[in-house]
C-alpha cells in the first residue's frame, strides 16, 4: 500500500498477536508449574483446545480482511493481475501483501483443522507458522528493488525479526512447549508490530518534516532504534509474564483443595497438549 | 539442455516423486497411528522394504535415462568432454545436468543396497538424498554465469526448494520418521516439480509472446508466483494426506478383529522400520 | 569513543569475564565429576546461587559504568540525542556503545531475578546472553559505514567471536551444563577481550608509527593474528581448566570421608542446578 | 608455498587421513554391530585408546613437519615475520600455512592428552577438530586477495569441504559415534585430499600447457569436477566400509564361542568409548 495506514494495520495485528501469545503461553506455563495445587482447572485440555480454535478463527478472519483490503481498498488491483491495455503487471505491491496475508490465513486454517479434528499431527501448526513467516520475509526480500537507501534499510531490519521467528517456529516443531522459545517468538512478534509502526512514522510521517532518506546518520540512528524496540519488546513480554505468573499463582492458592479432588476425578485428562504429541 | 522439454522432464520427475512420497509417508503414518486396530498388515516391515526397493529401482532407472538423454540426445556431447580441434570444453551444460542425474542415481543405488542387504546403516539413504539435492543446488549455483536477469532469478528461486530439501533430508538423519519433516520434503519436491514447468514456460514459451527478461516487474511477479507454487504444493500434499488417512482408517476398521489376532501372531515383526534404526 | 581507551576498557571487561567463567565452569564440572568423594560441599546449590548473584551484580555494575562513561565521558552526548540547532543526530557512536552496554545490563538484571527468585525459567539467562551478544554484533555490523579498509576488517573479525558466542549461548538453552559449549564460550570471550586490545593498538597506536590502513598485506597479517589470538585464548582456557581440575581433585581427596557423611546429611540438596531445569 | 608440491603435500596428508578414518570408524561400527558374537576382542576400550594415541601422535608429527617445512623450506620466512629493512611483512603466505598446521597440531595435542589421561572431557577432541578445520577455512577465505578468477574459484570450492567438515565435527560433539556423520567426515576429508592434488595440477601443471585462468568455461568445468571428486570420494569410502565390514564379520564368525566366554570374563570393559561420555 505504501502509506502510513498500510504499515500501521499489520503493525497493530502483530502487536496484538505478540501480546496475546505472551499471555497464553504464560498462563499455560504457570499452570504446568503449579500442577501440584490443582492447575488442571485453568488449563484443561478442553479449554486449551477451545482457546486455540478461537485464536485460529480470529487470525483467519483478519487474514481475510487483510487480503480484501489489499485487493479492494482504494488503489487496489481488484483481483486484476495483468493490465492487458498497457501491457504490464498491475499493482504488484498489493498482490505481494495479499500473498503474505494468504499464508497467515493458511496457517490459521490448518491450525483450525488440527484443533477441531484429530486428522493432522499437532506440530504441523508450528511448521505452517514458520512457513508463513518465511514467506513474509521472502517476499519482502524481493520487494525492495529501486527504493531509496533508508527505505530498504528499515525493511531489511524487519527481516531480522521475521526470519528469527521462522527459525524459532521451526525449532518449536522439535521442542514444543519450551517456554524460552515461546517467549522469544512472542518478543519478536512484538518487535515486528512496533517496528511496522516505526516504519510508517519514518517513511510517511503523518505530521512534521520528511526524513532525509539518504543520510547515513539517519541509517545509524534507525539501526540503534531497532535495538531499542527489541529491548522494549523484551520489557513488555517480561512484565506480562510476571503479572500472569502472579495472578495464576494466587488464584490457584485460594481454591480449596477439597474441590480440587472432585475436579480431578471429573476432568481426568492429560495435563497439557504438549504431552500428547 | 536449455529447452522447454529440458525443464519439463525433470519437472515431471520431481512432481511424480513428490506425490508418490506424500502417499507413501501418509500410508505409513496412518498405519502407525491406527496400530491398535491391526495396521501391521498394511505396513509390515517386509512390505515396506519391497516398496523401498521398487522405488529405488524406478529412481535408478530414470536417473540412467536422464543421463543417457543428456549425453546422446540431440545436441548432446556423446561422452566427449573436450573438443581437441577447437580447444574448448564441449557441451558443459549437458555434462552438468548429467552429473546432477548421476547423484540421484547414486542415492538410488545406495538405497537399493540398504534395503536389500543389511550392510549399511538405514539413515544413509537420507544422507545420500541430502547430498544429491545439495549437488543439484551447488551445480545450479555456478551454472548461471552470463545469463539474463530473469533467467538467473528463476533458477535462484529454485535453489530455495533445493537447499530446503537438503536441510530437511539432513535433519531426517537424526529425526527419521518425523511426519512433519517428511511432508515438508514432499511439499518442496512438488514445488521443485511445478517450478521446473514454470521455468520452461517463462524462458521457452511454447506459444505466445516472449517474456521481457530484463523487466523488474516481471521479476517481482515471478517471485510472487513462487509463493503461489508453494501454497499450491501445500494444498496438494494436504489433500493427498487427508485422502490417504481416511482410506487407511476405513479399510482397517472394516477388517474383523478376529482375523487381526491371527495376523498378529503370524507377522510378529517390528511395526515400522523407524524403530529398527 | 574511537580511542585507545575506548577499546581497552571493553577488552579488559571481556578478558576478565572470560577468565572468570572458565574458573567457574571448571570448578562446577570438576565437582560434578568427583561426586563420589564428597563434592557437594564445594558446589552446593546454595553456593552456586550465591556465586551467580554476585556475578550478575558485578556485570550489572560495570554495564551501568559503561553506559555512564559513554554518555558523560569527555565528548559524550550527555543524554542529548538530537542536536536541534544544527539539525543532526548527536554522537551516534557513543549512543551505539551505550546501547550495547544496555543489553549486557539487561542480561545481568534478568540473571539476578532468575537466581534470587523462582519466577523465571533457568534457561532464560542463556537466551538473554545470546541476545546481548547478538545485539553487540548487530550494532557493530551497521557501525562501520565509511571507515577505511583495515578499520572495517578488524571490526568484522571481532564479529566471528561475537556471533560465535551468540550461537553457543543459544545452544546452551538446550544443552545447559555441557562443559564443551561452556569452555567454547569462555574461549570466545577471551578472544573478544584480547582482540579489543589488539584493535586499540592497531587503530590508535599509543606509541610508534601509525599503521597503513589500506595495505592488503596488513590485512593478511591481521587475519593471521586473529588465529593466533584464538590459539592463545585456547591455551589460557586449557591451562586454567587443568589447574582448577587438579586443585578441586586434591582438595576433595584430603577431606576425610567421615566428615563427608555428616555433610551429606546436612546438605541434602540437588547436586547441580542443571538438573533442576 | 604456491607450487605443485605445496598442494600435493597437504593433499596426500588429507587423503591418507580420510582413508585411515574410514577404516577406523568402519571397524568400530562393525564390531559394535556384531557385539553378540564376541567383538570385544577387536575393539576393546584399551585397544581403541591405543589406536587414538598412535593416530594423534602421527598427526602431531606431521603438523610439526608441515610447520617446519613452511618456515625453513626454500623460500620460507625462517621465523622472520617482519622485514625491517624494506618495511613490509615477510612471506605471509608461508606464515598462513604454518598457522593452519599449528591448529591441527593443537588438535592432535589435545587428543593425546584426552586419551592418555582422564583430565578432559572426551568430546573435546571433536571441538578441537572443528576449530582446526574452521581455522583452515577462515585463513583461506582471506588468503585470496588479488588472485585470478580460477585461482580464487578452486580455493573457494575447497571451502565447501572444509566448512562442511567443521559443521560435521561440531555436530559430532552432540552425536558422537554416529556412523553417518563419521563417514560423511571421512568423505569430505578424502575430497579435500584429492582436491588439493587437482588444484596443484590446475594452477601449476607439472607438464602440458597452462590453463587459461580467466575462461568462464574452465570455471564451469572445474565446478563439475568438484562434484566428480565428491562422487569418487563417496565411492572410495563405501568400498572401504564394505570390505572392512565383511572382514570383521568373517573373522568374528571364525572365532570359537568358547574362547569368547573366557575373553568376556577377562575384559569386562565398556564396549565402546562412546558410551563412556
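Each chain gets a letter, A, B, C and D, in the order it is written, and its residues are counted from 1.
We take it that a contact is a pair of C-beta atoms (placed from the backbone, for glycine too) under 8 Å apart; a residue touches a chain by one contact, two chains touch by 3 or more.
Keep in mind that what you see is a predicted model, and the values were worked out from it rather than measured.
Participant: Suppose you list every residue number at the chain C-chain D interface; are over half of them used by both chains (same) or under half (different)?
Facilitator: different
Participant: Name the chain whose C-alpha centroid is farthest from the C-alpha centroid of chain C.
Facilitator: Taking each chain's C-alpha mean as its centre, the farthest from chain C is B.
Participant: Could you work out how far chain B has to rotate to sit on chain D, using CA atoms and steps of 5 degrees?
Facilitator: An angle of 90 degrees brings one copy onto the other.
Participant: Roughly how far is chain A from chain C, going centre to centre by Cα mean, in whole Å?
Facilitator: Centres of chain A and chain C (C-alpha means) sit 32 Å apart.
Participant: In whole angstrom, how far does the Cα centroid of chain B sit from the Cα centroid of chain C?
Facilitator: 45
Participant: Please output the residue numbers of chain C that touch at least 2 other chains, ranges allowed.
Facilitator: Answer for chain C, listing residues that touch two or more other chains: there are none.
Participant: Among all the chains shown, which pairs meet the touch rule set out at the top?
Facilitator: Contact pairs between chains: A-B, A-C, B-D, C-D.
Participant: Residue numbers of chain D touching chain C in their complex, please.
Facilitator: Touch residues, chain D against chain C: 88-89, 92, 95-96, 99, 102-103, 106, 110, 119-121, 123-124, 127, 131, 135, 138-139, 142-143, 145-146, 173-174.
Participant: Quick one: in the complex, what on chain D touches chain B?
Facilitator: Within the complex, chain D touches chain B at residues 29, 160, 175, 179-181, 183-184, 216-221, 223-224, 226-228, 230-231, 234, 238, 241-242, 245.
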